[in-house]
Amino acid sequence: MTATPPDIVRSAYLELVVSDLAASREFYVDVLGLVVTEEDGREIHLRALEEFIHHNLVLREGPVPAVAAFGFRVRSPRELDAAEAHYRALGCGVRREPAGFRTGVGEVVRVLDPLGFPYEFFYDVAHAPRLTWRSDLYGAGAIVRLDHFNQVCPDVVAGAAYLEELGFKRTEDIRGDDGVTYAAWFARKDTVHDTALTGGSGPRMHHIAFATHEKHNILYICDKLGALRRSDAIERGPGRHGVSNAFYLYLRDPDGHRIEIYTQDYYTGDPDNPVVTWDVHDNQRRDWWGHAVVPSWYTDASTVLDLDGAPVPLREREQASEMDVTIGADGFSYTRKDDTARGFKVGEQL
Amino acid sequence: MTATPPDIVRSAYLELVVSDLAASREFYVDVLGLVVTEEDGREIHLRALEEFIHHNLVLREGPVPAVAAFGFRVRSPRELDAAEAHYRALGCGVRREPAGFRTGVGEVVRVLDPLGFPYEFFYDVAHAPRLTWRSDLYGAGAIVRLDHFNQVCPDVVAGAAYLEELGFKRTEDIRGDDGVTYAAWFARKDTVHDTALTGGSGPRMHHIAFATHEKHNILYICDKLGALRRSDAIERGPGRHGVSNAFYLYLRDPDGHRIEIYTQDYYTGDPDNPVVTWDVHDNQRRDWWGHAVVPSWYTDASTVLDLDGAPVPLREREQASEMDVTIGADGFSYTRKDDTARGFKVGEQL
Amino acid sequence: MTATPPDIVRSAYLELVVSDLAASREFYVDVLGLVVTEEDGREIHLRALEEFIHHNLVLREGPVPAVAAFGFRVRSPRELDAAEAHYRALGCGVRREPAGFRTGVGEVVRVLDPLGFPYEFFYDVAHAPRLTWRSDLYGAGAIVRLDHFNQVCPDVVAGAAYLEELGFKRTEDIRGDDGVTYAAWFARKDTVHDTALTGGSGPRMHHIAFATHEKHNILYICDKLGALRRSDAIERGPGRHGVSNAFYLYLRDPDGHRIEIYTQDYYTGDPDNPVVTWDVHDNQRRDWWGHAVVPSWYTDASTVLDLDGAPVPLREREQASEMDVTIGADGFSYTRKDDTARGFKVGEQL
Amino acid sequence: MTATPPDIVRSAYLELVVSDLAASREFYVDVLGLVVTEEDGREIHLRALEEFIHHNLVLREGPVPAVAAFGFRVRSPRELDAAEAHYRALGCGVRREPAGFRTGVGEVVRVLDPLGFPYEFFYDVAHAPRLTWRSDLYGAGAIVRLDHFNQVCPDVVAGAAYLEELGFKRTEDIRGDDGVTYAAWFARKDTVHDTALTGGSGPRMHHIAFATHEKHNILYICDKLGALRRSDAIERGPGRHGVSNAFYLYLRDPDGHRIEIYTQDYYTGDPDNPVVTWDVHDNQRRDWWGHAVVPSWYTDASTVLDLDGAPVPLREREQASEMDVTIGADGFSYTRKDDTARGFKVGEQL
């Protein structure tokens, strides 16, 4: 690599194609409480309560549910040049779009990256009121911040090399004794991640995660979904992650796009922040309380679109699958290494 | 029934036979933080932090893990006469034991009740320091109070009639369109229950429940079990109950006895407190977030002992089983009545 | 006393006369989130989210802000006869009013009690939906239950004797070495109190208290008041009480009526529940963290009305005042008995 | 300024001189739960539970309670050269000390900065176990991270210019219509601050702040201090800051050094993070709930030492004092601008 990579500040927004804009608005605004910065009949721009840039999530109505863009903010306008040069050197498709191409956003550099994901980089962006002090607008499940993306790709080792070259710092990963890397987490800001790679057929988006202040906010979101008789939108959790030690909940939106609600990982801003490696057979790696990961969480993910809006074709994962090696007849997980006690968990019993 | 039933104040203590006293002490004292009031090599008397009577739980080492007594406090010494008369009129085995028969407890009336459970009634009891103001002794998962028992019996309707005659007030139940009652909850104090009946082969003890102040206390208990690499002691939850609306967690102790940690049900002290009836097919009745109930939660329970310490033989349940009618090939559960969407839950996928 | 006192279940509602119904509605409904059961241009009937009886608070517009009734629920209709007889035997003014005298309430027995307070007793009452499961209606500061009243009267000893004869159980009190009782707490339901007596010129109402589930709910109410630029409605707290060990907040409504928001006291339902006596000079008795009690909290209270709606004249307290003996030039409070260190508290410095 | 300033990662440790090492150990370890990395009879090295570097706080016994060093971590070893050059260009005293000068730390650049504070910069440092997953070691008031310092200096404008030149980003400040700046906050990591300047006689240390995960952790610390009869160590709070919107508590250690416990400010990592300016007369700026700031909080602060360990002489503040312009006869604060209502707060009444 010859070009200096762009100085990325953080994961900033996701553009989501949804099949029914009204249904998605109801989910993200009425149920989850994201704030509408701007909307028309075609697109809705949403932000979390403590965000000050124009949006963290764009919902755009379209024929095929998919992810159209993973938006990363860079540190200055000249980093757009760095982004363009970096991806051209990588031989990727790159399009530089003028201000206004994205509502509320200045010039953007759009790329289809080596893994097949539609990344885009921007610096200039309209500011919106940061509602940090507007507790009167906070519901009991208040979402305050976009935290990270999670991407599915077939080869986590190759993907990690690409992200690390792009300036991301690895914070945690899951590996096996067989030398296989099953997943890895990468940060730019001071949290455990701005994005992560999950091994599987890809490129696909695994989920987008938003943060709350406290754990009870996440529990309330579950209670509210129960009250609305929409508990079947809860795919997994709430629970405590092993990786990141965050408290989590996974929901599925009306199109099946996966949303994580997340709180309380740890500070990772030091240059020598210790990388945590988990054994793929450690049953507490994905849920610290040892609960089974639901199969759909491993198998389902969102289509991503190329720069022309066409679905990016999938490549299969060739290495071992985390689900296969940990669940079912050929898999195994332990609570205590070298201890074969099975316990009472639903995953052991169903 | 001719005799006036005894005026019961609340569920007060459980005597548990455990196979390894040291292992049980480690679980209840070191992990869960119950307070030792008194102990010797044979028995340990434990109480919750805000309790002022001598104990809420007796651990006694014995050959067969079992429940030897469900202790209920009555309002005055003369209620012991009422208890004796009531159970004699019912034709039950009754033994009146002098003060000191139970460590820390005055005279007790022991009965093997019509359902086969070893109930015992007491008024006089030694007081122990109520540690309400001793926050310095509180861990992050502090258990403050015994909340209730839960008993398995074959015929919930008959069992309910017996408990209601004994002065318990029904607060909630689970029924089917088929006319079957699957479970019911009964209170003396101002909470949703002092005991409950769960349909199944019985008599057996389903669980004993302790209360914390807040939900994060329960989450911490899970985190701690994870840290101790004992997450396999978590059988079900944490979650939000439909019935009672309490926040819950089910653990299994070293002998497999089931312990619930529970918080925040609602006030039920009014005489016309509305009874809440749940449809057995409502998937939110047992978990408001719609998560599957693990089979062992339905099938496993603790042996109970008669007044001579012998296991009480089981009678099979003849009516439909809640597990069978809600899970698996012949069962079904709905999130929204008349809506067959299945959602992403582990119970749907495994 | 010859007549058996009525069997009181709990404190159930308060009728509050307010000077501007719209302003009070805005405070209790829009800010605090109480639920409107029924309203017209003259009266608003409000309840907490988990209440199932028609109301816990009646706001009635009138010329002089005052308390018109302290409502207690009794265990059965025949307890109204007991109430009538009890108060007639005490020589009090008693009026028995037919169903409908109070909106949503059946027959009531209204008395002006020996301390000069307008108590009223009822059994029949319209039920309203208990919103326990309607988390979608819960704000972040959700108020779930009426907890207690607090009354100011000149002679706490005499007042306590009256309440204990009426069947209330003393749970805590504040006394001095001088033999003076400064305040006392009294329960019917299983909490620390249904009402309390605070020494001072009376009869007046000190406050009415509502419960939340958790402490963060109370903190949110403060945050919201800040966001609304109404933080000057916060009179005292949030903090931890010594007495009751509950977490608390005192607000003043638009007429200056005092509202407490309260959570997590302890179970008191046993007949021999230990009474806790606090030394009036213990600086942690009213605030476990040792913060000064604001003078208005001692001096201000609401007028109460007699059965004809006229303000009840005040009698002065003759015994020592808690404020005088604990604050200022002639008072003292200690953190550790016999230790004169003063610490950094605002009360020590301003 | 010609030299490029050092690239500072974050505030990392404080060296505190204490008069009684055992008393300070009891406070920081037994009461607050900081973790001992290493100790001898002269010094104790402590860290927060989620820290991975050797220490966040050094307690060293000495004759005069004081702060001997504010430690900042830089991004790489070569940034030590930048630090040295930067401060030499500023004409400051600079000492470069070899590895081992500080226990657990590599080479350090020590300076007495233009404001008179003993700053020191380091990169190499011993790692210690990050206890993020060791919930079994977490008390109910678990402190997880050092968050920031706060320094008192006479001229906030000059001090801010120095810090901004050093690469700190201003996030918030307090100003008056008179053009005076009373305080300002400065960040390197993604939180509201790594350090702040409070106007007053200086140089002195106002406080050091540690973070918890949730608000209830802070409330518990108060409860525990009450239980230990040490509530007089609580100087101010708990409360919600206006500035930073964090939840806070101020304690005083056995020598009077001020410790803040702090949680939940907001993300500030973007280059154009909006600066929030507060009016000095806004009564919610320092406490969002409008509670009075105790005078000692304005007047008391810790001595700082020069590079030889001698107390740095104080310079008086010449501009208006925040305490004077907001409290007392000549000061004023408003809840709503142009509204003179005074409310019920203790600061208004005492």
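The letters A, B, C and D name the chains in turn, as written, and every chain counts its residues from 1.
To be clear about the criterion, a residue touches a chain if its C-beta (ideal position, glycine included) is under 8 Å from a C-beta of that chain, and two chains touch if they have at least 3 such contacts.
Every value quoted in this text rests on a predicted model; they were computed, and no experiment measured them.
Farthest from chain C in terms of Cα centroid separation is A. Interface comparison, B-D versus A-D: the higher number of contacting C-beta pairs is recorded for A-D.
Centre-to-centre spacing of chain C and chain D amounts to 41 Å, using the average Cα coordinate of each chain.
Centroids of chain B and chain D (each the mean of its C-alpha atoms) stand 49 Å apart. Rounded to a whole number, the gap between the C-alpha centres of chain A and chain D is 34 angstrom. Among the residues of chain D, those touching two or more other chains are numbered 133, 214-216, 223, 226, 242, 288.
Those residues of chain B that touch chain A in the complex are listed here as 215-216, 219, 222-223, 225-226, 229-236, 238, 240, 242, 247, 252, 283-284, 288-292, 294-297, 300, 335-336, 341-347, 349-350. Against chain C, in their complex, chain B makes its touches with residues 9-10, 50, 52-53, 73, 75-76, 127, 130, 132-133, 144-145, 189-191, 213-215, 242, 245, 264, 266-267, 269-274, 288.
Contact residues of chain A toward chain C in the complex are 133-140, 142, 214, 216, 220, 223-224, 226-228.
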